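Chains here go by letter, A, B, C, D, E and F, matching the order in which they are written, and residues are numbered from 1 within each.
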């Protein structure tokens, strides 16, 4: 995770949550008061966001001590003491919510990803994320997917070629679109084509697409497509995969399954900070 | 919703998703190609984020036409044509994902809020949000809560006084904390105290707190607290309210119920963009 | 005072004053030359801005030693050695003007506020600032008011409700305006109404305004208003208070007096830096 | 005045004053309400800041109509209608304070400058500003000085050579310092030397300084210095000139008089906005 | 070319060149003076940067008329009138240098690229750029390469996999490095390996690298490598290609040739602006 | 060189080159791997940019050790070990290209400047740069000119007065233009006039211009002009000086020669980083 980017996200979040300081603490807590506390897991899942929490408190006050007992990717059970913190009360109380919001969100994504990965662990298939991310948090969310054991699809429109139906319409045919992309896109990028029928799969194959996405197909259709492709291209299953039977999809032989819900429909992992003054 | 802030959120999101342009479209679609499309609701809920979607496309290309048939707060059913769009293909395809991500997320929040508001509509109670928001998106999320019929709790640590257990410990007692806050906080702010027992409620009352929060109390405890307070302070119910029976909580006579899940555990409303070239 | 904000103010100021470095020093002083110096008070007043001065030099050069003998809020007399500084000549000479400009301005505000506070010290009344501040420096100026013993009115339009004549006109009546605000404003905010006549005071009282501002009233009118209100609302005196007899105003029994001149018409405290090479 | 810079100043000011919008207006004024108003002068002075006021409202709402009857530099009397404004109530009320704060401050500087210029109008002398400006507002303040008829001294440490006592000490002598500067400074810059005695004036002359500053000298000393210099260098009088008899100083024959108080000790011109809904 | 990015580059450039305005013009040209002018080519080459020039003047003054007679990619001869401009003198003179600096630099790159492309036009080979670009201008420089008929290699370290000797050392072998990359890199990216010997080429082939770079090989070695690879991977020639005989390199059968000098050693195309007042 | 500015340039460059990290290294190099390396000169020239290289690695990772054996201004020969580096492999490989791009570019400028300075070392003449710089890098480029032994002309349009033909046309005559500038420009600036004929030189002299630029004159014309001026103004030779015989120009007696090519047509000095894992 890029430190500069993380710092900018945190600066935005802290400005949003405490742009003029934490009034309540400033009014009720004596300057210089020292406190200690523990970050506790209240649910079951996968930790993600330790660096984000560290960066929040480092941003506010370089004298805060924050010691993690678990690291990103570790499984958590209710009651686990994730980390211990000590230092100036104003700094800790000012950063508490921002640190928790980030860590809960990222851990929620890592947990959901881990569940998907576990479900299909008997198949040689990768779980992928999508671009259905929260505006401003994509880098953190894609990091959380990796921590959960998933893989990242392209980061943005600028670093991958994914030819969808609109591009196909605009170019006239899959063949035209793939040919155009091969001539003009950076030669370091693979070319992926989205298909909805076996006929489209065949056309993408003929055009020598590097990756073929099977969009919203039934399990039967996916099996046929995988057979047809015969390892001549990478195969990605896509379309509402958050609500599908992932094992059945994996069993079709696809190489990867992309799931928008990993980042689009996040159930945060419940983490709290218990303080002692 | 503040336009400058919205613009900055969108700039961040577009830089993230298309910092170097939409390669696929640039490679496969002829410059100058015009397209039209429709934003369709695929679920049932409350629209929110029309301005955000407009701002995304206005940011990319001032010649895009985007005409909304519904406005923020309107109920949506599957199949509803939310808006129609036409203009340059590159601009529309570049902004599509960012506009959808924002609108789905905000509509998800408005929908969830509306459900809570509807549940308690027979009681004179307000549904409130919290500071459990997505870093960087708080202003948009709090706007969505209002569109859903909810009310906003304080925006940040800097514009409200909410005395929690840590502040009470640090100040020595509720009385001390409230007194300190009354002397030092901006006199335009009400003073809220978080309580977990009736004894604390009584102490907060005696200290003349303006608002008393009942945190994680049972319905019975809340009834007793409301009785004890006797309208001498505003009463807020809080604590896992996303998983509670809201009608039972409302029936206790509290003035407002704050629900972290409104913004913390968002199920996006499914909206898609269907294009025609 | 928020460190990040202070840092941004200082970055702007230094870019403005030394964006391409201090040419004269670079041309005439040998690199590596060490100097020492003293910040001297040349007037009588209240020190404010020590942290700002520290931040200026810390920003330029972390090896500068700057040791304050007085702290914010301390009274100063002509000749007092406020602080001693030593380190690299280029850094000190580059930061000198910016540090002095900030410290003189903030000390000027604290001094003026202290004078007002002293004048009314026999009355239970708070001296308040307003939003008549220097663009970009509000946070520092409001901090200086607090250091001088004053209190802060709302920080901005976004964190307080102050219903003025225009709002009353637009809403149709004070009653309508207060009712609307009570229904729609964050419930953590008190509602203040600006009044110019006793009839308006009565209407604001009836509408249960939390704070009633008496704008540009005579001392006699203020006395009547305070009587009429009878502690059912907080009373704020306002309107050219910088030119009024503050003791007479305080004697009317108002709870607070807001003075735009505290920040709007600042006489800087004369502070200089005497260097020795 | 640079438009981009002005825009950035205004963005900072509006974020500061209305980062989350104008709550009171949003709560009490019906969306879409149109209002008109007049900016009135309540004092006597010189208008400055019309462009700043225009930029504030243009930033908030491009549909606001703002029509100035006076322009920067025009004299104002109490009661003069400086400008008329009409448009959306939310936009006008949100920008009111920021526009007034800027215009009052800049007009205060222009007024003070004009007074100084008038005082010495019978002498061929320029009134100059200094670097004693408000952090972040230097460009606007120096513009206001020009509008008042004054001239600008160097903008910053980066674009002028002014050799002060510290530089002289560090270089060993005025001669050394001037020689070093002549060899190393951009050859487009004149070289100015600060002097406190006639002996120093003589040394600066011998070193062929382009400009000689007479710092804190008596009128008699200044006369002698002017005589000694005999037009071989430009002569600047400096040092507490805000409290000096400017006509006597001008009569000594100096070419310019720099006055820190022009920007350092600003008495704002009283301007108000009267609205009609 | 991304408009937002271009705007930011231009803002930086104009702040650098005219942060406080164009003093000379402000001092000598009457406000409101209108001028016209012509951008003339004084050399032979390929135009690039019309949009950049347009954006410079649009940024300064939306009323400037700038009409291009040539567009990006068009060949230029000495004397060609590239564009005509008319409008406010201050705006045009302020933007002149920035517009010329950008257009000359970008046209220089396009011209150099076109020369390389022409040299090898009889071979099915692409001319590629590298990451040896000017800090802050990469997007504009890579655009200029495309305008010249070249293709872009990866934009940055973040969007391509290029395994160099250091990675190979760190991973233990080419095989290990490729295997690691295949498992961990975004699956949308091709994997490129840098080789210096035929043995390394063979190992890269065996590891199924998608692209094999031949670094600093002789023409003979390149021929052998191309033969060995037998179209099983894309072949890129690299290493001081700016000083090599490009036709001989192309004749070896490589698929592309990357040339750092295209952007690293730019000879600007001479373009001037002749004005008439 | 201003540290803040340098930091911003580097942040921009690193965001451009590694905004989402160095994928290849992250995929192939084990976290925590330590490496060492040497920056080697592969050409002959003048080192410039050591601070820039240090700032790149300090920005990425404060634990990188970077030890320079040469400093800015030192001559380099092929094979010289400029510096040694050691630390975390990810950090070093991520910063390598940015550090090299900056150092090669700046050293190229210093080298070219040194060559010009050496050529005319027998004459009392300064070599000057111009405003023909790379957008965003002017401060670094002008620093490199100084390191090479050259002097800087004005930094920007905002800090120097250079009256060109367009200004003369607009003002009506050289006399008018100089008079206007003398009255309105900051009095700290010298006034320079561009001339193309002896008649213009005479007029500039009569108007008491401080500096007279001889633009595109022959050596004979320059000799005549220098004679005519007779040390009553500083004389600058300008116009394609990169392609002229500098010794012949210097021999005419001009005071300085400005050369756009110093920064406009940069041949980078070849520097490489050899690593050992």
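Quick notes
Definition applied: a contact is a pair of C-beta atoms (placed from the backbone, for glycine too) under 8 Å apart; a residue touches a chain by one contact, two chains touch by 3 or more.
Just so we're clear, the structure is a prediction, and the values are computed from it rather than from any experiment.
Path length between chain B and chain E in the chain contact graph, taken as the least number of steps between touching chains: 1. Centre-to-centre spacing of chain B and chain D amounts to 45 Å, using the average Cα coordinate of each chain. In chain A, the positions touching at least two other chains are 18-21, 139, 155, 158-162, 186, 189. Pairwise chain contacts present here: A-B, A-C, A-E, A-F, B-C, B-D, B-E, C-D, C-F, D-E, D-F, E-F [touch as defined]. Residue ranges of chain E in contact with chain B, taken from their complex: 1-2, 4-5, 139, 155.
Interface residues of chain C facing chain B in the complex, by the touch rule stated above, are 126, 128, 151-155, 158-162, 186-190, 192, 210-211, 234, 255-256.
The part of chain D that touches chain C in the complex is made up of residues 9-10, 12-13, 16-30, 33, 35, 89, 93-94, 97-98, 101-102, 104-105, 131-139, 156-164, 166-167, 169-171, 176-177, 180-181, 183-186, 189, 264-268, 275, 277. Of all the residues in chain B, the ones that touch chain E in their complex are 11, 14-15, 18-21, 59.
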